[in-house]
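Take a look at these structures.
In the two complexes that follow, chain A is the common piece, with chain B as its partner first and chain C second.
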Partner chain A sequence: MLGLREYLQSFHSCPGTVIIEWKKQEAIVEVPSRDLPEILTYCLAMKPRPTWLTHVVNDERQLGRGFCLYLVLHFPGEDFSLTLFAKEIIDEFPSLASIYPALNWSEREVQDLFGLQAVGHPDPRSLVLHPGWPKGFHPLRKDYKVGDERNEFKRAPLVFPEMHGDGMFQVPVGPIHAGIIEPGHFRFYVNGEPVLHLEAQLFYTHKGIEKLLEGKSIKDGLRIVERVCGVCALSHGLAYCEAVEKLADVEVSRQALLWRTILAELERIYNHIGDIGNMCAGVGFALGNANGSQCKEKLQRLNLEFFGHRFLRGMVVPGGVSSIPGSQDSQSILNRLLELSKDFEDWIPLLLDHDGFRQRTVTTGILKAENALDFGVTGPAARASGIANDWREHHAHLLYPELNVKSMIEQDGDACSRLLVRVNETRESFRFLDTLLREAIKGPASEDKGTTPLTLEKFRQFAPAWGCVESPRGTDVIWLMLDGEDKIYRCRIRSASYANWPAVPLTAPGNIVPDFPIINKSFELCYSCCDR
Partner chain B sequence: MDEIFNILTRLLMSLGHLAIILVAAPLLQGFIKKSKAYWQMRQGPPILQPYRDLRKLMNKEELVSEHASWIFLLTPRVVLASTLMAGLVIPSVWGWAPLSVWGDIFLLGASLGLARLFLALSGLEGAGTFGGMGSSRELFIGLLTEPALILGLVVLAFITGTTSLQEINIGLQSISPLFIPKILVLITLVMVCIAEMGRIPLDNPDTHLELTMIHEGMLLEYSGPSLALLNFAEQVKQLLLLVLLAHLIWPSDLISLSEGPFGMLWALGFVGVKVVALGFFFATVESLFVKRRLFRAPHYLATGTACAVLALISLWIIGGQI
Partner chain C sequence: MWNLMLRKFKMGRLTEKGGNSLTQQKSSIPSSFRQSLQARHLDCGSCNGCDWELTALGNSFYDHQHFGIDFVASPRHADLLMCTGPASTQLVMAAHETFEAMAKPKWVVAVGDCAVDGGVFKGAYASANGMGEVLPVDVKIPGCPPKPEDIINALLEFMGKR
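Right, the complex of A and B next:
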């Protein structure tokens, strides 16, 4: 990245700025935390505009570095990622949320879990820890010992903005909903049916998984990360394995990459088809919903039959994949998929050509492109607003460069566009799977077992590494640091849902209350991997 | 003697009419659910499930919101009673209506209106937002369905020269099935019936998706026996509307006791088949359409009203006078 490097080298406060590592595609640059706003402003002005991958704060006081902040940016044009690293933060750091609103939640989370203050944050309310936790409860600090923290929690009411006026009502919905969904509280500020403002309060199921992961072995860590949620289980595991492999400096064999790509695409189609069916339920279109659920179920049964798990858990391991189906199995998978793809093409026009369905979804819940960019929205939600940000296209990993992936974009940003993006991506995924499985049927070219067990490798200690995978909801980033005994020192899970949730309330104003279910379902975000 | 025999016959048949409505209403609900399951490629609940649900609810504890007043507990009783009242003016399977010539079509409209009034009030009783939203939407829809319903029935009254539904049924037998005003009125009534039954495209009876519900929103605070009564009243209303439609689409003869048990059973079976066919039709409509945006509901209902107005005009043109 010409320009950027020179800029950073010549940065006026040179004493603090150190380029720790500068490789072709990744760089880590240490900067003083006070200079972060200026550097970020410079980066965001670059074309094409970079997006955030993750924002991590780590308690490294034991290493004599104070609290450290890592901000990973990705520059899509060059497939280059830059980690801005600020150390020796004591109790506050400058907030970047007003420069880059995508960091809003992340910084509030840091305030809650580390007790550091984001100076200048426009909305410094607590986020992850609901009111009721005692002052000074900052569980992600290393000196906080987990144990009887539940006794410290006292019930306290949530705080919401007030709104006054003639005919103004607040409609509280949730956290317990009618249906099998997770808890989340939505507060609509309405005037009659039209929505004026929406507040979403999540993190009811904050499980402290990032704290739980600390001190776990790499193997146990994988098992936990795969269980963060039931939507992108494979993507979480895969991103985690990529991070581990970066720390061990191992190359994964082609056969393993092939099967990882197949698994990632299998996860995408079963999720996309399930989401398409769910959208039909949002408008009471029983026929579409039935077709979607049926198709998804068949795909999940295929997963169970050939890979031993409906959510594909346990398939990806650091160094490769846990087992590789033979060419006969590959042929059966391909046959089943061809059948399902035909089935999908049979029923999808039912939706796309349905007047009533289009009437409900077109112009409903518009996410503007500039909002999507500012909030760092990812996945189908961003692509429906015209932002071509498919990670499979922008980052060379797995076998995606060979498949020549193109971002499927739509321009309108409404619920219908999000549906269309999913439909087109599903079609593309069926096509990719066809190509990939034909290669799998031929079998490995040489003695390629697929897996290199990571037993002898030396892991880099106290060094950051990230793995990122395009999950069905968007980019799923796992940031990992290991300690001196190859145990997890810090693992940050930034799921696609976490990145997209803040954008959902933006799409509600201007719509009527009964349209919110379809807006919400068109994003189809997960609560569990957001709450963690 | 003949007088007494006639009165006794009338009484017996009226009781039979009520008994059939009470017994068959949940069965129709079960059948419609089964038909929808068929379209969704599912097995669906057993056809007798609505009876079991009612029994289950009757035996459950009832919880009443601390904000609720006497209206809350009165509503289920009033709604069921007024729905049954409407049932007394609708011709039974034998073509008889127990309360004929008492201004039937207006009594029908008023009974349904009374039930709607109490339901809307009780929606506000729980002091919850969903109940209030349900009530507001129900009145919004009701405001548009009631004129269409009454207007449609009035056109039928003009065609046959009577406001008694029983006489309308008999009068329609001599009208050609292709008589334009009649076809237009039937279109109106089918559309209105969908709205009155709370089905797609106006409401979704299967969902408890809080933000979109209309009828279910008003029932949200109810539990136990009261909920059973309200659900039962809804099933009765659905059956009554389908029976009425069946009679208007294919009018049937007046059957009296003199036709013997075989004739009476035959009439019962005939109406049963018509109602089942209509039920399957509505289940199909519900499976193929999506719920409309709430603010598009007036367009749908305006179409219904417009058909009724057109019927009136065409009747005037054909007949030269009304």
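Right, the complex of A and C next:
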């Protein structure tokens, strides 16, 4: 990276700044935590602007490094990722949320789970742990062993901003909603029908998965990671496997890459089509919803028939894929997909040309491009605001460079744009699958079973690695560190929903309360992988 | 519009297995509930997989309504509480309140491995090991997630229709 390395090397607080590793695509640089704000400001001013992949704090006191902070930034122009690593944090670190609001939730989460203080953070409230847990409960510290705290949890009132004025009301909704939806509490501040402000209180489904993963074997870890999010199971599993493979320095065979790409695209189309149908449900458009859910069901049945699971769980394993369909099956998959793609083109005009549906979605829930950038929004939500950030375009992985992926962008940032991005991406995915499956039908060029065995002793220990995959909702990032026995030491799951949720409340003001379902569904975020 | 009509005719009927052809079997629930069941969904920390499968029950292939099963918006209208997830701690109170709000007689269904016994989330610090630790569970539907046909079959069996 031109300039960045020189900047870091000449940074005034040398020798505090140490370049630990600098490769063509990835670098890790140790910096004193007090210098993080200045370095991050410099990085964010670079063009094209980098985006965050993940922000991890790890308790490495047993290794004599105190608490460590890892901030992974990705510079899209040159497909370069930089890990800023700050060690020896004792009980506080400077907050970066005011410089880069994308880190807001992540820092609040660190305050809850590690008991460290983000100095200068603008929002002092707890986030992941609701009020009511015992004092001094910081479960991600290594000296905490899972105990009886959950039985001591006594629900206490949540803290919300106050609001005064004539005719002002608060409308509390949730955590349990009317319908088959995940739990979250929304508080609308309204004056008549228009929303003035929205507070979203999530983390009701917080289970403590990151703690649960600690000490698990790589195989058991995968089982859990695939269940962090029901519907982006494959993306999470794939990101995890990529991290594991980085730690083992394993190159995956071409057949495995081919089938991983096919699986990732299959996950994208069944999710996108389901989400398009759900958006219709959000405005009570039953026919649109019926078509979407039919098409999704057919795709999920295809998943079950050829890959053994409706949500594609268990297909990706470290080193490759668990099984590969033969030529005949590949042909059948291709035939079915061609049929479904034709069917999709048959019913999609029903939505796109429907006046009533357009009236509800056009100009509803606008996410401004600058907000999307500041909050590190990812996936279709950002692309609908004109930000071309498709990970498949910007990062060379799987077979995407050969497919020449282009980010599908729209400019308006409203619910309709988010729908259009999904429609266009679905069309592209059908096209990619066609190309990929034609290669699969030919079969492997040589003896390639699609799996490269990982031998146990090869893993780098106590070293960080990340994997990132463009899921249907945006980038899912898994950050992984293994201990001396190849068990998980720390696994941080930063899902697309986690990155995007803080931006959702920004899109509500100016809209009316009944429009919130369609706004929410146009983002189609998962609560579970956000809450973990 | 014409194209949509044509498409509809070409597609024909998608719904599988008619509800009327089922014969009445023994069931432990009162006879007035055997014709129809009103269910309320309660997410108690699930990964969203089971929730998607519950949603899938409403698509044209399964169409739960033609069996007399429906999802209602309020626990006050519900006979059945269909719980997904291992019962995450921060939701336990809300789960109790939802159950309390239901009129008697009422039943609880644990949908999916997590709700049955905690599944892969057994031993997490902020979740119980299954809904059974929180509410009295009457019916268990294992699977990760259970397929829509498994859920429908379990409900029909409960209603004495299979």
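As a working rule, the second predicted complex is superposed on the first by the 530 of 532 C-alpha atoms of A that agree within 3 Å, B and C clash if a C-alpha of one lies under 4 Å from a C-alpha of the other, contacts with A are read in each partner's own complex, and residues count from 1 in each chain.
The rule is simple: a residue touches a chain if its C-beta (ideal position, glycine included) is under 8 Å from a C-beta of that chain, and two chains touch if they have at least 3 such contacts.
Since we're looking at a predicted model, the values are computed, not measured.
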item: Contacts of A:G179 with chain B and chain C, given as first, second, both or neither; value: both
item: Contacts of A:I441 with chain B and chain C, given as first, second, both or neither; value: neither
item: Partner chain in contact with A:P517 - chain B first, chain C second, else both or neither; value: first
item: Which superposed partner A:L44 touches (first chain B, second chain C, both, neither); value: neither
item: Larger contact residue set on chain A - chain B or chain C; value: C
item: First, second, both or neither for A:A290, with chain B first and chain C second; value: both
item: First, second, both or neither for A:Q300, with chain B first and chain C second; value: second
item: Touched partner set for A:R155, first chain B, second chain C, both or neither; value: second
item: Touching partner for A:R223 - first (chain B), second (chain C), both, neither; value: second
item: Which of chain B and chain C A:M168 touches, first, second, both or neither; value: neither
item: Common interface residues of chain A - those touching chain B in one complex and chain C in the other; value: 178-179, 290, 294
item: Chain B contact footprint on chain A (complex, rising order); value: 169-173, 177-179, 193, 280, 282-287, 289-291, 294, 354, 356-357, 359-360, 512-517
item: Touching residues on chain B, where the partner in the complex is chain A; value: 36, 39-42, 129, 133, 200-201, 204, 206-212, 286-296
item: Parts of chain C lying in touch with chain A, wherever the complex brings them together; value: 3-4, 7, 14, 41-56, 58-61, 71, 73-74, 85-86, 88-94, 98, 119-121, 123-128, 144-145, 147
item: List of chain A residues in touch with chain C within their complex; value: 130, 139, 146-147, 149-150, 153, 155, 175-176, 178-183, 203-209, 211-212, 223-224, 227-231, 233, 274, 290, 293-294, 296-297, 300, 304, 310-311, 313, 346-347, 350, 526-529, 531
